[in-house]
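There are two complexes below, and they share chain A, which is joined by chain B in the first and by chain C in the second.
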Partner chain A sequence: MHAVIQFTQSPIAIPEAHTVSREIGAIVEFHGIVRELEQGHPLAGLHYEAYEPMAVLQLERIFQQLHTQSPVAEVTFLHRLGWVPVGHASLYLRVRSSHRAEAFAFCSAAIEAMKRDVPIWKLQRPLPPDAC
Partner chain B sequence: MHAVIQFTQSPIAIPEAHTVSREIGAIVEFHGIVRELEQGHPLAGLHYEAYEPMAVLQLERIFQQLHTQSPVAEVTFLHRLGWVPVGHASLYLRVRSSHRAEAFAFCSAAIEAMKRDVPIWKLQRPLPPDAC
Partner chain C sequence: MPLRILAFAIASEQLGFRERSVECIQGETPRALLARLHPSFDPSVARVAFNCEYLGWDDPLEDSGELAILPPVSGG
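Right after this comes the complex of A and B.
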């Protein structure tokens, strides 16, 4: 399994695939977008922070664990940090595998595990965008 | 729910989103790619055929049924027909929704239902590509 894990302060730019294989039969992509309403309150955006060294280690561990149950060829994980306006992506996850069941299982489980175990925080009362 | 269903003889070109909403929090995309090995036999590609009027009706029905369990804002379904070489996409499915659980559930269930109930066939011993 080839894994790419990146944090960025810029808008997420989706990279090309890193592995070439004629046995990739399924690609699942997930985009997590900032919504305007959070628990009924309108927002202009969210401010994301991460403890990056620990986050990368935890994500590597999560991906290796998931790979034992749902073997996949490649996973690409991009997370935007700092101010992310409503309508923009904070998270992009792509999984490439031979079969779709593994790709779907890996992708959705990776997000659940990330939310639970990875030190990434969203601040719902951020500074105004022009102050970030 | 806004649904787009298209069959094409050309390579799949991913369209822009059809709905604008500040309440989209999750986008799940699936690409089904032709693999070289099908039950151990190397292929140059597959030839897809569909009975399009019935396929569109069945897909509309499937999407409406799934929407009652997993409400989503938009679904885009594109299927390539004719000769599809190894490494190219035969299917593209995109689901946009407020929450990721519904998007994942809708997307994976839609593919299962399509494989089971929609008159789309793949021919494993097609004519050579230059004859298609």
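Right after this comes the complex of A and C.
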């Protein structure tokens, strides 16, 4: 399994697939988008921060563990940090595998594990002056 | 022994710092260390990690390194 894990302060740019294989039969993509309403309150966006060295370590471990249950060829995880406006992606996850069942299962379980154990936080902060 | 403490998200606001260096007694637990430095901080609202690995609040700190205070995560 090839895994790409990246954090960026810039808008998420979807990278090309790393592995070229005629055995890839399923590609599952997840885009996590910042919504306008958070617990009923309108927002202009959210601020994200992470403990990056630990987040990378935890994600590598999660992906390796999930790979034993749902073998996939490639996983690409991109998370935006800093200010993310409403309507923009904070998270991009792409899983490429031979079959759809593994790709869907891996993608879903990876997001659940991230939300449980990976040190990334969304924060409601005032709109930064340079965000307009 | 020297210890670098990192605080993230709401924990940095509660503790009043994002990073600071402290002297830790060998064998001291994260719970005892935080009680000594910030008695008003409630450890039950956060997890703790040492050198990027989750640690229990009552596990002893035996080496110098990086202690991180991690409030509930919310990525995605």
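Note that the second predicted complex is superposed on the first by the 126 of 132 C-alpha atoms of A that agree within 3 Å, B and C clash if a C-alpha of one lies under 4 Å from a C-alpha of the other, contacts with A are read in each partner's own complex, and residues count from 1 in each chain.
The rule we apply is simple: a residue touches a chain if its C-beta (ideal position, glycine included) is under 8 Å from a C-beta of that chain, and two chains touch if they have at least 3 such contacts.
All of these numbers come straight from a predicted model, not from anything done at the bench.
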{"item": "First (chain B), second (chain C), both or neither touched by A:A113", "value": "neither"}
{"item": "Which superposed partner A:A17 touches (first chain B, second chain C, both, neither)", "value": "neither"}
{"item": "Which superposed partner A:A3 touches (first chain B, second chain C, both, neither)", "value": "neither"}
{"item": "Contacts of A:K122 with chain B and chain C, given as first, second, both or neither", "value": "second"}
{"item": "Which of chain B and chain C A:G25 touches, first, second, both or neither", "value": "first"}
{"item": "Touched partner set for A:I33, first chain B, second chain C, both or neither", "value": "first"}
{"item": "Residues of chain A at both interfaces, chain B in one complex, chain C in the other", "value": "32, 111"}
{"item": "Chain B residues within the chain A interface of the complex", "value": "22-37, 86-87, 98, 100, 103-104, 107-108, 111"}
{"item": "Interface residues, chain A side, partner chain C - complex", "value": "32, 48-51, 53-55, 57, 79, 90-91, 111, 114-123"}
{"item": "Interface residues, chain C side, partner chain A - complex", "value": "6, 8-10, 49, 52-54, 68, 70-71, 73-76"}
